Each structure stands twice: as structure tokens, then as C-alpha cells.
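Two complexes, one shared chain (chain A), two partners (chain B, chain C).
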Partner chain A sequence: MSLDNLVKLQPKVLKILINSYKKDRLAHAYLFEGEKGTNKKEVAIEFAKVLYCEGTDKPCDNCINCLRIEHNNHPNVLIIEPENNSIKKEQVIYLQKEYSKTTLEPGPKIYIIEEIDKMSNNASNSILKFIEEPQPNTYTILTTDNLHQILPTIISRCQVLNFQPLLKSQIVDFLLENNIELDIAKIVSQLTNDLSRALEIANGEEIVNVVKLVIDIMRAILSKNENPLIIIEDSQVDIVNNKKLLELFLDVSLIYQRDVEHVKNKIEEIVFINESSFIKKYIDNIDMDKIISNIDHIIKAKINLDYNAYSISLIDTLFINLI
Partner chain B sequence: MSYKTLYRTYRPQNFYDVVGQEHITRTFKNALLKNKVSHAYLFTGPRGTGKTSIAKIIAKAVNCEKAPTSEPCNVCKSCISINSGFDNDVFEIDAASNNGVDEIREIRDKVKYAPSMGRFKVYIIDEVHMLSTGAFNALLKTLEEPPKHVIFILATTEPHKIPATIISRCQRFDFKSISIKDIIYRIKHVVKEENIKIEDRAIITIAKNAQGGMRDALSLLDQAISFSDDVVTEENVHEITGTVSEEKLYTIVESVVSNNTHQVIEYIDVLISSGKEPLRLLENLIYYYRDLFLIKKMNIIDEQLVMYHSEDTKTLAKDLNEKNISQIISILNNAQYEMRKTNYPRVFIELAIFEIVSLNKNKIEIEKAQILQIKKNIDFEEVKVDIKQENVVNEKPVEVKTNHDNVEAKYIDINDIEEVLNNGNKEKKLNLMLQWNSIYGSDISFTNIKQILIDGTIEAVSKSNKIILSYEVESICARLYESDIFTKATEILEEVFHEKFTIIALPKRIWNEKKEEFTEQYRNKVKQPKLTPITEPILVKKNNNKYEFEPELVKEAISLFGEDIVKITN
Partner chain C sequence: MKFKIQNMIFSDAINNVIRALSTKTPMPILKSIKLDLVNEGIYLTASDSNITIKQFVPTFINDKQILYIEEIGNAAIPGRLLQDVLRKVNEEFVEIALYEDKFIKINFKNSDYTLNCLDVREYPNINLISSNSPIKIEVNKLVELIRQTVISISTNESRPILTGVNLKIVNNTMYCISTDSYRLSQKVLNLDYELPNINIVIPGKSLIEFEKIITNSNGLVDIHLTNNIISFKLDNIIFQSRLLDGTYPETSRLIPKDFGLIQEFNRLELIEVIDRVSLLSKEGASNIIKFDIYEDKTIISLDSPEIGKVVEEIVPKKQEGSLIRIGFNSKFLLDALRVLNQENILVKFTGEVRPFIIKTDDDSVTQLILPVRIE
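Entry: the complex of A and B
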């Protein structure tokens, strides 16, 4: 991803980094913290490129250094990732050894340690000293999506940069650019914060069918015309036997119920844009407590699904509670 | 030379620069001046409070050319070489990476050699809690009686992991978290040296967010400087830390208090789309409520304890009630817990808000109900007076008709309870308790009534043979009052104990209330405590005499299917 794109996605972080670079105030250790899909690693790589790029418009993505970093071939840029879901002390010792050597090529040394929360306790304590007072001209970048599991002593030694999850509107724009219809794009944007994952869902076959099913069922519940269980029986979407579909179904239902909640509270912004008039028509039939309990039931169903609950009984219980 | 972050540039170089640890710096200044430096120290305390810094200052001071002195000069050869980090006599050891027995043995072998330049060899062992058990034990002997020229300084954030044998061999110093005031003072100093323009409020916000760590504070300042364009503003700091300013939190909570759900949700929406993380927002809200609670609870506000204490916040705190706040905090806490597990943090924030608002509404309803109840009591007292005047009922429980056809409300006369409590007889009570199970006897008739009696707990017995029985299950208590059962029960008691007893049955809940009321007054030396009347009636079914004549089979059937279904026909 190019720097310009990243600036759009993470304006705050990039502003700090770029300003620090311009003012020559780069810290020796950064901790990139934020949810999955917030481009932490990409920013780290761009950071390295900027420091090494030989071109005028940094990073140029053309010079030898940029290319080598892009392909993870640069001798002075070291990336450490968890092995078997944890970073072990041996990896840290290797890192420290690398640290103590002088560089092969002129320029700073950059260490990127990914998912620092997966580091063993031993290993985390070992890096403390060397993050605090490294050799001159070395930079360490740690990334994590779980700040709460990191030793406070590590956090206090780094500048913590908080990566914001993408705004929903950014995801919607991205999906629209990729020829996804607006209504689906809005729904998908609520389901994930990861752009590539969002596109995957939006392009999948299931989403359209599931959304239609949810609309049918929620309309039935609101207007009390039909039995939702019969709609499920008749539907072609097999949420009973396909756990993934059921999960998607619950997620989308939750979004719908939240829309109902919003309409009830006269909040304009809703996700199911085409449903607004229908919900408004029936909104007086349902009171706030019922809406809250509906949302609760859907969330409970989701949790039970994680515990591998039997899907037929799960669906039955859910709808008996919702009706 | 690349840029050095502020917290490294402004690491204190002498005791004067160290903030917030006066109790420690003073001890050391005196010890150094009087040449009474011990051979082993243990520094403990949270991150960023100056453990390593003070260790380094001590190393410099003992080796300084001007020694004995209370402050290192920072200009002599020795001081400069220690400052550069390459001195031959000062060893900074990272115990986390060198935590084995072998590394400690190496130290042990080398301590005996005299220092090459200065007077002392100083071993600063940082993160000492990471040493292995073997390594700790290998260190013990050396730590107890090192050569004259050696000083050990152990530093750690986790003192509970250090063996007691190590702690007892060291002089231990506990470092305090640095107070907000001290952090502000130090930041102001740094800002002045660095020529940085910064708002005062921004400094305060940084200090609050640092949570007692000087290093955290300077890191934040560093970031804020990079982030800001010209002048560092309070908003800059909030944006870096992702926190929400006090005014905004106030607006949210204020709207919640005034039940303006619509506005709250919209406001939260604005905050989230401007880039605040829902989880952070919730965390801030929890802290805000916590501070409201503290302000409410304590009259004097300690700025150390409370993060938010503007005038608005204080007035808001006055309007809230304590119980309510703690309920709200637990709602928010639950939401926070749930939020971590799912993809829809916003749904949980909104749900939490609705729950809080409905809590307010419920509170209003409960208050209404209480008022109604009080009104009812007043009516009831009037009725009671009437009855007494007509001499219809004497000293007996007063009966008032309720709306239900089949149910009548039984009000228990508080005078009876007072009488029993004031004239209690322990011996009788003990006797009854011992023999209570013998109610069953050999006769199998009326087992159901006997069972009801036995289910009750004997709370008190008076000289005049009045028994107070309490029941966990209120419905059982109510059944005892059904007229037929009540008379039969009295008969049974007379039969078994050969004495006449009057039964007063109460639900456990009410009994406990009354008991407390009584003991309270008794403790305050009231001779004949007066109790408030019981306002809650016991709902007793009328005209139910079928129990007496039920054969075992029917009883069994009723217990299986419930009395609604079982019909007795001939």
C-alpha cells in the first residue's frame, strides 16, 4: 500500500511519524497498537522505506533500498514474527546479537517485531533493556492488537501510536469503488474492519441471500404477519446446517435490530437504508424494552453458537424469544 | 547523531533533578556525605519512577573525584565516563537477559578484583525479578559479604518475585508513583529547556495520563510535540492518547441524567466518527463515573485520587445517588467485558446507555410505588384505629380485605412481636428447639401440617408461650395462617408439648428486618424498644379446608401435579 493511501487511512499516526521525521524527533522505539486490519505492518514498512530511500520523493518505491525492503531482503531491516504463536527468548537473543553488530551497509538499523503481545514473559523482560537504551541510529517498531497484554514496563519505554479502526464510511467508499451495491456495502462495513475481508464478504454469494432472509424474517417479526420459522424452512439459505451462514445471519440480524432501535429513538442514521419506511410503519407496535431484549437474545445466540450449540434448537429458541 | 527521546535526554543526572522521591534522595544525600553507603540496595516501585536513574546517580556520586559529596559533580573524568555508559567500574546488568547461574557466577568471580579507576565497583542489576532461583541463590553469599569496594544495586518493578533471603540482605527502598504535581513541575522544566510552546491544560492532561510514570509523561510529551503544528494543545494530547476530554464526558453524563437518550447516542456517534475508539470511550466513562462516586462520597477532593474535578463535574456529582452510580459502573463494566469479545463495540455502548437510562426510569417508578405504599399504610392505620374503637378485635392480628376474592391479607400485629422480643425466654426456646422434631410423633395424621411447623425456624419464645416462627418460603408461611391449619397447628403443639402456644409466623425477610430494628434500639439502650408496624400483608387463601382430610394418595398426587390439576371426586 502506498504512503498516500496510508495517510488517508491512518491520518493521525502518519502525521506524528511524518512530523517527527521532518522535525528530526524520531523516537528509538515505537509501539503500534490497534485492531487487526489497521495496516500496522504496512506503516512500519513504509517507515523503513522512508529512512532508506535514496530518491527525492520519499519513499520512491523505485530505488534499490525501497525494493529490497518491500521484498524483505534488506540486511538492516529485520522483521521478527511469532513462531508457533509465540515469540520465544531465543528469537530475542538472536535479535540482541544482531543489535550489537555494526551495520553492513550505511544507514540506520530497523527492527520490526510483530505481535509483541505473543511474546513469552521471559522474552519480554529481555527486550526491556535494549529497547530503553539502544545503540545510536537504531529504531525498533513493535506491533500489537492487544495492548492490555503487554508488560507496562515495555509500554512505558515506547511511544505508543494508536491505530484507529477504519471508519465505516471509509469501508463503504472502498467497497463502492469495487462495484458493490450501496445497501450491501453498508451492511458489510458493519461486519468487519478489514478491507480485504470486507471485499471478500461482499463478493461472496451468501451475503445477498442472507440479507434478503434477514429482511424477510425481521419484517415478519415486526408486522407479526408470518411465522419466521416457516420462512426459514422455505428459504433456500441453509442456515440450519451451515454454521458460517448462521453466524453471518445472526450478525446481520443484529444490525437490523440496531436499526430498529435507532428508528425508535429517532436517530436518522441507519444501515438498512431501504428498510427505513417499513420499520417506521410498525415502530409503534414495539417498545424499547422489547428491542433491547431482542438485541440481547441475538447476542446470546451468537455466544451460544461459539460454544457449538445445536443450531436447530438455537434458531428455535431465538425466534420464540423474538416473536 | 540521531535524535534522543526526551526521557533519555532528561534522565536526571543528580539528586536535585529527581522529582517525587524526596524520602529516598534525602537518605542517600546524607549517607553519601557521611560516607555510610551500604553494600547492597534493593529499589522497587512502578515503571518510570526513577529506580535506574537514582542507581546511576549513586554510582557517579561514590566514584566522583569530589567524594564524599552529596551530589555527583557531572564534570570530573569519572562522572563523564559513567554518563557515557562505558565506565569500567560501573556494570549495568540486564538480569532479564542474563538470568542464569552462569552469568551470576561470572559476577561473583569478578567482584574480588579491585576497581580499575574509581573507589567503588558498582553493579546495577536491573529487572532483577527475572533471575532464576539458582541465580538468586548463587548471589546470596556475595550479596551478604562482598569485598569493601563493591556496591550492589538491584532494581525491580516486581518485588514480590524476589526471595526473602535477598530482600533481608539489602537496604530496601520503595519508590512512589510520581504525583501529578511533580510531573507537571518536571514537564514545565523540560518544556522550558527545549523551548516548546505548550498550553498549561495540555501539560495537566499529559500528567494525568501518565499515571505516575515520569517516562510515560515524557514519551507522551514527545509525541504531542511531534503531532502538534506549533503550539501543543490539550486537544492534541487527547487525540494521541485517544482519551475524551472532561467537558465531553460531562455532556454525555449530563444528557444521561436528564434522560435524553437521543442526544447521548448522537453525541457518541460524533465522537466515534471523529476517531475515538469505543472501548477507550467506555473506559473514560467508567473513570468519570468513578470520580463522580468519589466526589460524592468524600467531601474533600484530593486531586491525586480524582482525575476529573471541574466545577461542572462537582455539581453533577451532587445530583446523583451513590447506589445508582455503582449500578451504572457495573453496567458499563459488563459492556466493556462483552465488547472485547465481539465486533460491534458500538452496539454495546448504546445498549449500556439504554440500560442506564431505563435504570433512571425504573428508579422513578420504584419511588412512585414507595409513595403509594406509604399512602396505603396511612389508610391502614386509620382502619386499625376504627377497629380498636369498636372493640371487635383484641390484640389479635388485624384482618383487612383485599381485592382478591379467594385471598385475604393478614397483617401481623407488631405489638405481638414486641411483646415476645421484650419477654423472651431462652430456656423455653432451647427446650422447644431440642424437641421440635418430635412434633412428628408416632401419629401419622396431619403430617402436612406438622411438616409446615417443622419447616419454620424458632426465632423467639416468650414467657407467655408465644412462638415466633420464620419461614424462608413465604407461601408456606401463608399456608400456616389458613384458618383450619392454624387452629390444628395450635392443637398439635398443645398435644406434643402439653402447653398452649400462640404461633406468630413471619417470612424470614421481614423477621430479619424487625430483628435488626430491635437490636439497633436495644444497643442504644432503649429499655422497651418500639418497632415500626409491618406494612406488608401475608396473602392467605380463604376457605381451604381440604388439606385436613386428604388421604396420603391425594397428597402425593397434589405434590406431583399441583393442586390446580388434581380434582377429588367420589
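Entry: the complex of A and C
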């Protein structure tokens, strides 16, 4: 993503960084903190490009240094990201060795460590040593979407920059620009904060079917006309065997339940815009306690799914509780 | 880029540089070998960013043309794949050409490979420096220097600077020092030509790797130094390493000058004795042996409560000074003795809990070992 786009999305952070760069007052360690999809990595990479770009309008995205950083081929710019959800011991050792050596090409050393919260405390402590005693011309950028899991000793040694999550309306507008229908765009905007991920979901085949399934099932539960389990049996969408689909199904169901709660509490703003009249019609069938317990059950199902629960029993339990 | 080259010579060159190719690297481009085709021949470069090996293959070897150049240029080719392809094919010549900056064609008589390759411009810009005043040293001397110093480098990454060998040039004298803080090796060479003063730390692993490459060669090695890179040049091969960043601890005062006891041993005899005694040392555990030194003999013993006990007597060739009892890690002594070359060695003690050194007729090398307290 180009710097101009990032400035639009993260004006505050970029203003701080650009000003420090212009005044030659960059900190030796930054901690980029913010939700998923707030472009922390992209900003970190642009940061490295600006320091190395050979063009006049930095970063030019055209010179060999910009290209190498983009392709992770620059010897002085090291990007560490978690493998299988954690930063491994070998990666930390590799990082330590890199910190202790001179650079291959002249220029600053830049280390970008993503999701620093996925690093064990032991590993963080060994990194701490290098952040504590900064060497000249070395920059470290840590990113996280979970500030609370980071050692306070690490936080205190970095300049913390807060990345603002995107407004939901920004995501909806972006999706509309990309020819996505309004109802789908609204739902997808609730699922992720990441623009490219949002577009990917919205363009995927599954979302339309899953949304239709959720509507059918939730209508059945609300109006008490049909058994939801039979709807699942008859549906084309295989949420029983496909974990990704099941996850998406639960997320969308949660949004629907929240809409029901909004209608009950007479809050105007709802996501399933086309469902508004149907929900209103049957809203007296269900009381507030039941709505809250439904939301609870869906959240529980999501947690169990993370723990690799058996999907058939997970679905059965969920619907027995919802009906 | 397009050329034809004798397969055997090309394969040899690939095998040389491929030692530096990294198997696991976050940088995709480093899985490639870089080829630079110029009018005089071809340069091959491989690197894992820590070490880089570059080799030059000239057009003519012994007046025989082995390389036919059609179009000069450069390319980055997947290294392991290229090696495998060349290894499997049994033909005298191989033809290699770059197409559309994206594909490498490797042609033999009957087979024809097209490999995807990365943009060569993204290859690290590795400046293989050639300063005007290199250190010139014979291969066998350099091999000896490396062997005698790398034994004492630290393997513990918690103090990265100690995993290297400190190279200092002060007033045309070169000092090479390594220590893991329990032992120390020092080699001092007088250079008979003017050189600027320098103080750098070379990663021990890079030196060990380089020693393997040159160990069967002879001739003169040129060593070029800067503040962040060292490069060695031997014939057509250049070996380069990044350095360790930081200040090496000051060691000059650690080596004692006055000794209370000096013993002279036959080196090989002492190695055999220590080797036998250390049989009872446990793998991984500290293997402390004791020297009980008497007027007429020295008793070397090792007592391992879980395994047993061993006692051996040795009579030094010469002995002078006050008698002591001292204990230390047998591995340190063995390592030190094995890298020395002379027939006889001197062990010079200062006291029971003070460091002692091992010297030979070759005054340039000093091995120092710290003893441990024994009851």
C-alpha cells in the first residue's frame, strides 16, 4: 500500500513518524499497537523504505532498495513474523546473531518483529537487551494487536504508537466502491478491520450462501416454524465438515443476534438491513434474557471451535440451546 | 547473458561457492547463486549474508578455452537446483542463457531446463573490497593461526562478542585473541610491512568455514580489512565475512609473566595420558582433572563419583620450581595441546588458583587455562 493511502488511514501515526524523520529525531525502538488490519506492518515497511529509498520522492517504490524491501530481499532489513502462531526459539537466536553483527551493505539496520505478543517471556527478555542498549543507526519496530500481553519492560523502552481502527463506514464505502452489494458490505464490515481481507471475504463464494443460511436459520428460530437442524441438513453450505465455513457462520450469526437485540431495545442501527421488518414482526416471541443467552451460546461455540471441538456435536449443542 | 562452459570446471566452482549458500533464510534471493559474466570470464557468488564466497573462472585455463561467451550480463540462479542439474548430467559442455530477465535456460545435448529465477538486481550489493595494503600470509600459516585461536571462542550466544576472534594490528604487530572467559588463545605475528592499526572481531564460525576451504591449498592469502567486513583472497576465490559489532574485552593483562613452576613434556605423550584419563569424564559435565606435582613425577587423576577413578603417572622431561596441586578442565588442555605443532611443550604455572599457560619453542602462540578450586 502506498504511503499516501496509509496517511489517509493512519493520519496520526504517520504524522508523528514523518515529523520525527524530517527533524532527524527517530526513536531507536517503536511499538506499533492496534487491532488487526490497521496496517501496522505496512507502515513499518514504508518506514524502512523511506530510510533506504534512493529516489527523490521517498519512498518511490521503484528504486532497487524499495523493491528489495518489498520482496524481503534487503540484507539490512530483517522481518520476523510468527510461524504457526508463535515466534520460535530459532528465530530469536537468529535475531540475536543479526543484532550482534555488522551490516552487509552500508546503512542502518532495521528490524521489524511482528506480533511480539506471540513471543515467550524468555525470548522477549533476550530481545530486551538489544532494545535497552541501542546501537547507533539501528531501528527496531515491534507490532502487536494485544498490548496487554507484552512485558511492561519492553513497552517502557519503546515509543508506543496507537493505530486507530478503521471506521465501519469506511470499510462499507470501500466495499461499495468495489461493486459489493450494500447488505453484504455491511455484514463483512463487521467481520474484519482489514480492507484487503474484507474485499477477499466479500468477493468469496461462501459469504452469500452463509448469509442466506444464517437468515433462514435465525428466521426459523425467531418464528419457531421450522427446525434449524433440518435447514442445515438441507443446505448446500457444508458447515459441518468445513471449519472455516462454520467459523464464518458463527460470526455472521452473532451479528444477526445483535441486530435482534438492537430491535428489542429499539436501537435504529442494524446490520441486516433487509431483515429489519421480519425481526420486528416476531420480536415479541423472544425476551431480552433469551437474546442475551443466545449471544452467549454463540460465543461459547466460537471458543469451542478454537479448541477444535467436534463440529457435529458443537452444532447440535448450539441449536438445542438456541431453540 | 549467454555462455557455454565446461561442465566439470563449472561444477567445481559451484561446489566451492555453494558452501556459503544458506538453506534457511528469510531472504528468498539468497537461495540463488549470482553469475556475473564479463569479457574475461565468469564470477560466481553465493552468500548467506554472514559469509560470502565468490569465485572467478577465466575463459582460458592452461591455454585451453573452457568458456565461450556469447553475451555478457548477470543473473541469479536457484543454487541447489543448478548444482543438482549439473551433477546428474554427464556431458562435457553446458549452455546457460537468461531469457526475459525471468528464466534461465540450461541446455545440454538432449535435455533442456527452463528455471524461474529472481531479479538479479535484488541480490545484496556485496562489495568485495580490495584495499591497497592487504595482509599477506601463507596458507599453512593462516590455517595454523585459525586452528590455534578458534578453540577458545565461546559457544554461548549470551555474550556474542566472545564468539569471535579479536584481530588487532598495533604498530605492525598482529594479535589474534580468543577467549570464552575460562581459557584464552593468543597468536602474535610480526608483520614486516607497514599497516594501519585496526581492532576488529571476526565471527569464529566464519573462520572455521574458511579454514575448511583453504586447508588443502597453498600459496599466499590476501586479507583485506575494513571496520565492518573482512575478506580473504586466495587465487580466484574470495571469502568474505561480516564482523561482530562491539568492543572486545581487554586481555593483555590476563597473561601472567612470572611463573613459580615450569614443566616440560613431550607433547604427544602428554596428549595420550590426558586422553586416557579423560575417558572417565562424563559427556557434558565438567571434566576436572588434577595434577599432583612432586619432585620426581606428576600424578594425573580424575575422580568421577558416579563412574569411578583413574590415576596415571607421568615424568616430565624437565621441571623447575615449587610443587603445587592444581585442577582444571581436561578438554581445555587437550584442545590446546592438539593445535600446537612442536615436539615439546612447556606448562608454566603461577599458583594453584591462578591461570597457567602452555608455550612451545614457537613463541608466537600462547594458550592460557584457568584452573578450578579443588578441595
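Assume the second predicted complex is superposed on the first by the 228 of 323 C-alpha atoms of A that agree within 3 Å, B and C clash if a C-alpha of one lies under 4 Å from a C-alpha of the other, contacts with A are read in each partner's own complex, and residues count from 1 in each chain.
FYI, contacts are C-beta pairs under 8 Å (C-beta built on N, C-alpha and C of every residue); 3 or more make two chains touch, one makes a residue touch a chain.
Not measured: the values here are computed from a predicted model.
In the superposition on chain A, A:R219 contacts neither chain B nor chain C. Shared-chain residue A:Q164: touches chain B; no touch with chain C. With both structures placed on the common chain, the touch criterion links A:Q96 to chain B and to chain C.
In the superposed model, A:I267 lies in contact with chain B only, and not with chain C.
In the superposed model, A:K186 lies in contact with neither chain B nor chain C. Taking chain A as the reference chain, the count of touched residues is higher for B when chain B and chain C are set side by side. Contacts of A:L78 after superposition: chain C is touched, whereas chain B is not reached. Of the two partner chains placed around the shared chain by superposition, chain B is the only one that A:L26 touches, whereas chain C remains out of contact. In the superposed pair of complexes, A:L67 makes contact with chain C only, with no contact to chain B. By the document's definition of touching, neither partner reaches A:K49: not chain B, not chain C. Residues common to the contacts of chain A with chain B and with chain C across the two structures: 93, 96. Within the complex, the chain C residues that touch chain A are 26-29, 47, 49-50, 118-119, 121-127, 157, 160-161, 203, 227-229, 242-246.
Contact residues on chain B toward chain A in their complex (touch as defined above): 1-5, 8, 46-48, 85, 94, 96-97, 99, 126-127, 130, 157, 213, 215-216, 219, 222-223, 225-227, 239-242, 261-262, 265-266, 269, 273, 275, 277, 338, 341-344, 347, 350-351, 354-355, 358.
Per the touch definition, chain A reaches chain B in the complex via residues 12, 15-17, 19-20, 23-28, 92-93, 96, 108, 122, 125-126, 128-130, 132-133, 136-137, 152-153, 155-162, 164-165, 167, 169, 190-193, 251, 254, 258, 261-262, 265-267, 269, 288-289, 292, 295-296, 299, 302-303. Within the complex formed with chain C, the residues of chain A that make contact are 64, 67-68, 71-75, 78-80, 93, 96-97, 99-106, 135.
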